[in-house]
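A, B, C and D label the chains in the order they appear, each numbered from 1.
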Amino acid sequence: MTENRIPTPSSPAPDVLRCAYMELVVTDLARSRDFYVDVLNLVVTAEDEDVIYLRSMEEFIHHNLVLRQGPEPAVAAFAYRVRSPEELDKAEAFYTELGCPVRRSKDGFLKGIGEAVRVQDPLGFPLEFFYEVDHVERLAWRYDLHTPGTLVRLDHFNQVFPDVPKAVAHMEDLGFRVTEDIQDEEGTTYAAWMRRKPTVHDTAMTGGAGPRMHHVAFATHEKHNILAICDKLGALRLSDAIERGPGRHGVSNAFYLYLRDPDGHRVEIYTQDYYTGDPDNPRVTWDVHDNQRRDWWGNPVVPSWYTEASTVLDLDGNPIPTTERTDSSEMEVTIGADGFSYTRKEDGEDSMPEYKQGEYKLGHQL
Amino acid sequence: MTENRIPTPSSPAPDVLRCAYMELVVTDLARSRDFYVDVLNLVVTAEDEDVIYLRSMEEFIHHNLVLRQGPEPAVAAFAYRVRSPEELDKAEAFYTELGCPVRRSKDGFLKGIGEAVRVQDPLGFPLEFFYEVDHVERLAWRYDLHTPGTLVRLDHFNQVFPDVPKAVAHMEDLGFRVTEDIQDEEGTTYAAWMRRKPTVHDTAMTGGAGPRMHHVAFATHEKHNILAICDKLGALRLSDAIERGPGRHGVSNAFYLYLRDPDGHRVEIYTQDYYTGDPDNPRVTWDVHDNQRRDWWGNPVVPSWYTEASTVLDLDGNPIPTTERTDSSEMEVTIGADGFSYTRKEDGEDSMPEYKQGEYKLGHQL
Amino acid sequence: MTENRIPTPSSPAPDVLRCAYMELVVTDLARSRDFYVDVLNLVVTAEDEDVIYLRSMEEFIHHNLVLRQGPEPAVAAFAYRVRSPEELDKAEAFYTELGCPVRRSKDGFLKGIGEAVRVQDPLGFPLEFFYEVDHVERLAWRYDLHTPGTLVRLDHFNQVFPDVPKAVAHMEDLGFRVTEDIQDEEGTTYAAWMRRKPTVHDTAMTGGAGPRMHHVAFATHEKHNILAICDKLGALRLSDAIERGPGRHGVSNAFYLYLRDPDGHRVEIYTQDYYTGDPDNPRVTWDVHDNQRRDWWGNPVVPSWYTEASTVLDLDGNPIPTTERTDSSEMEVTIGADGFSYTRKEDGEDSMPEYKQGEYKLGHQL
Amino acid sequence: MTENRIPTPSSPAPDVLRCAYMELVVTDLARSRDFYVDVLNLVVTAEDEDVIYLRSMEEFIHHNLVLRQGPEPAVAAFAYRVRSPEELDKAEAFYTELGCPVRRSKDGFLKGIGEAVRVQDPLGFPLEFFYEVDHVERLAWRYDLHTPGTLVRLDHFNQVFPDVPKAVAHMEDLGFRVTEDIQDEEGTTYAAWMRRKPTVHDTAMTGGAGPRMHHVAFATHEKHNILAICDKLGALRLSDAIERGPGRHGVSNAFYLYLRDPDGHRVEIYTQDYYTGDPDNPRVTWDVHDNQRRDWWGNPVVPSWYTEASTVLDLDGNPIPTTERTDSSEMEVTIGADGFSYTRKEDGEDSMPEYKQGEYKLGHQL
């Protein structure tokens, strides 16, 4: 499956601390501002006519999300913070050795960020690495600013790529560790979760036509905060922004909700996964046919969640063409006409709720 | 629509306090005990080989749910508590005048209950009225017995009947008040919620082939208690018991979850509706095409929820035949091939989430 | 103790639905608005230079709290809604027979309220009875307006009076039922909770110099909403508004918090007591020496909570003089130098937490 | 203040992952089991007549808490997990160079732990370092085992030592980073919080007679889980185990509760601090006179919390003598007769709640 393994550079990988921000291109900045600021209550650190810099309530760096006005919805950067300025040299050498497009800017590519390196990685994704950043007020104690659905942290990215093992091997070269994955009995990998900070992930690879961006995820403190976001969307008659959930993930054990922003970019709201910081943290492998793997309560995954994702841009701002997945499709092997899922492995398909067979079997012939 | 209005008796209606318990016939008592006691943690007040008497954590009367071993799943009684022993005379006279089967037992029909009147009401449902009842310990303060999903009260019943206005008119004769309903622009009523105690309902009428029992609902204190029940079902690999939800209702504004017990009887877990006790409490009428009416977050209702319900028994224990609904079907006018729903009335069908069109439009050709 | 029982009128009592609103006199309307609107997020139904009309998020009547600018902090009315306009005649006759000051206004005493009767009851408290009231939007579904500490209902009043049994007997004449009380082994009653709507109370009588107003209580949906109010007060550097709690009550089993408004009026935030609507609802009597009676977790009651309360006004707006309590003082018999409390009755004072003996024994020599 | 700075070893410090477990000596193992297993629901990994090995619900290593039967209550080890077996060599060299007692065991000192190094550190505390450990089931997904107060992780230790800056400097040599501290205007440090894993702390130093153990802390997912522990203690008539809280910390921003176990060992239950993993994570310094520093809601700290702590043992199991603090006492400068606290710095002592002055000013003449 992973015929063309991306070579491991002899240059050491930069020491990545965590996923730090995503730069999104949006087609109507005012409309996106309504969504991220008025509905989701992300905090505006700075803004001008073309760009809005947003952060979560417990963040002390300049931003976790950048909205940039542009002609088509896309993702311009998945940005990671590294441990020190020196790590930028490593990033530059690492990707240069891989033959990737690499750009380095002394002043950074965006307001609030100092020196930074941007690359188009071997998988095709636009990444940024930076250390220097403006500090801003950590609003953790500012409960006067909290809302029922307060977002407290950027938690992770999620990327779509056709060949998951190939992507994972490369990310391991970059120092990421796999915490969980989804496989079938033949060893096909459908998705994998990888971390630097000791949560379940800083990014995940989801099998599919790629490179594309699947979602960006923000954390809340408690589950009721996520429910409050749904309630508010209902009150605003924007419930159509809810794509999937809320629910409990099997993978990660977190409580989740998936939204679609006005451009269709997918945003997850997420809370309460577990500590993964030990080197021997046990990897959890889920059977793709286990219908509790993606929703612990057995609620089916809506097809769009599998099929739709955001375009990513190269360093010149051009859309990166995608490659189709050739491995089996998770959607087809689980909820499609020929797929199957089970609640209890020993009972097989008989253990699927009849109530939901419409959704699992009939519902999704798109 | 309501051509054959049930006449209003000249006898005064009994003064009903609240829905008090339901008597369910189950086909495998041990299996049902697993579900209601080991999974849902209802409290066993008493039990023998054939019957289990269960109550919720804040109840002080003998039981809120009775499980009786029998040959086919069914409902033997919807039991209401009345304000005093004298109200039994009124109940007897009220239904006798209506020509209904009426039985009165000095010693009650079930353990723990004193004198009681059972009737098959003009809609065909088996009702019980009682006042005398054994008091048992109210376990409200017994937090050592609480579980993450503790059920604290019986909240309401829900009945299926073909002609909702006819059923409502009769229930109003019995002293119930409508708090909310679902209608269309032609005035067809699809469902109505009616109360005695000052919550949104003690029972509701759901349009469909009937008389049948749609569900019985227990209340929790908080929303996380309901999520905990889902999490536990997942851990026990019983997530197939989850039929619909969890979610936020439009109607009632409550947070909800629908389960199916081992016999298919539907149980709702419910929390946080609102006070309705004033005589001029405003009735809320929902448009049947509003896709937030049954789920405030716009998640589609699974077809089984519309179509499946439990048989009810007459006073001799025989299944009561059902009559089909002739008014429009809520499922067909909303999620069926010819139906339509909207998120924003002014945007019409365009305001339906594309992500869910499979579920709304394709998914449910049963 | 109750030597001078207030006679039971031959006139029937009005049928009271529920506590409906309190009229508070405040000395700095703008400062009080900050507290009730900006901090507690009650909703402004109407306001002018002298009066602000506030309601909770699930209310449909015009107001639950009225703030009126005045020279000294005081309570001008404890207002109850009755079941119909006809009940006003009963109220008028009931209190007239008792020889109380009674005033009736065709147009009501306050904006939004129709015909009303105000009395100074035999205990000295200013009460209002009304049925007609302007309906306003019930904001239950307006989650876009919700805050982390949203107040959803007016729950109850709490009154201070020297002779609790005397007050209780009179309130029973008015149709209230006792749900819980605090007594000692000699039968002294220290406090009693009484209801019309089926919660633990619409009002309570707390033993002490009176008539005075102890507190007015609003309900939230969940416990975290109450914690969020504390967090917000901390963020605003207004934590000195927190007098007692948050905690779990023994009496009522509710989760609670006591605040003091800028004039010292006490406001409780309260959630999750239990259904009490059956006529034979079991009364719970607590031992005054049980240190879990007022805080289930055994945290001591701060002395000011026992000693401070708001002046109440007669129908001309003059402060009503108070009478001292002659029965034993709950504070003195429990946390004072000669008092005692226990965690486990069988272990007596030995079961008091040493960690808190400063608070229980030394702390409160006021 | 820190005249006798402990020298920085030339040997590199071991790479500590996280606080991993505490070994407690208890005087009645069965009684302690009741507390930790039956009340707090920690999971028993293994036990025999003399020792019980307990873990939290999301842990995958053998234990987070060891209870050992012994003659006097004490702490035998604060155990940290290191990144690899090789780090044990570093630990051995690091403390040997410091002239500390050092013991190394190939088979570990306790069941479930492999090779380990125990030292009495220069501050006098018994520490253990280990990497090898038996893996056990991570019960994160076992919601069937969850209770309302489920403890999911060991979060941190807290140590008492007279000279906080001296202790901090040494812990920094060991690779810990300060996240928050409490100081006064003269620069006296009263307490400091230090981390390895990216939470607010793996351990803290609290100023006082030491070396002693102040508390060990376990995390829950949500705040209601902590409240549920209080409710359960009330139901079991064990509320005297509650020493302080629940409340919101200023320092750490976490929600907290302090319990005392049957031997008086202090256990904190803790949830929702913030991510601290960036090297430039902003340190938060609190003014010792800010009455929201230890409780964001301004509730006073009970004196025992300042004065009482557990004895720690040397490597032979003998109690380590303590040294008094000579710097100012936090209790005396804040709640004592000559101390002062403020809610709003600009308002000084006038901003202290009068309701609580008994507790702040009179209450604590121990």
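Quick notes on this structure:
The definition used in the following text is that a contact is a pair of C-beta atoms (placed from the backbone, for glycine too) under 8 Å apart; a residue touches a chain by one contact, two chains touch by 3 or more.
By chain, with names taken from UniProt: A, B, C, D = 3,4-dihydroxyphenylacetate 2,3-dioxygenase.
Because the structure is predicted, anything quoted here is derived from the model rather than measured.
Should one ask which of B-D and A-D has more C-beta pairs in contact, the pair is A-D.
Greatest centre-to-centre distance from subunit B is found for D, with centres as Cα means. Distance from the subunit A centre to the subunit B centre is 41 Å, each centre being the mean of its Cα atoms. Between the CA-based centres of subunit B and subunit D the separation comes to 50 Å, rounded to the whole angstrom. The geometric centre of subunit A is 35 Å away from that of subunit D, both derived from CA atoms. In subunit A, the residues that reach two or more other chains under the touch definition are 141, 222-224, 231, 234, 250, 296. Of all the residues in subunit A, the ones that touch subunit B in their complex are 222-224, 227, 230-231, 233-234, 237-244, 246, 248, 250, 255, 260, 291-292, 296-299, 302-305, 308, 343-344, 351-356, 358-359, 362-366.
On the side of subunit C, the complex with subunit B involves touching residues 17-18, 58, 60-61, 81, 83-84, 135, 138, 140-141, 152-153, 197-198, 221-223, 250, 253, 272, 274-275, 277-282, 296.
Residues 141-148, 150, 222, 224, 228, 231-232, 234-236 of subunit C are the ones touching subunit A in the complex.
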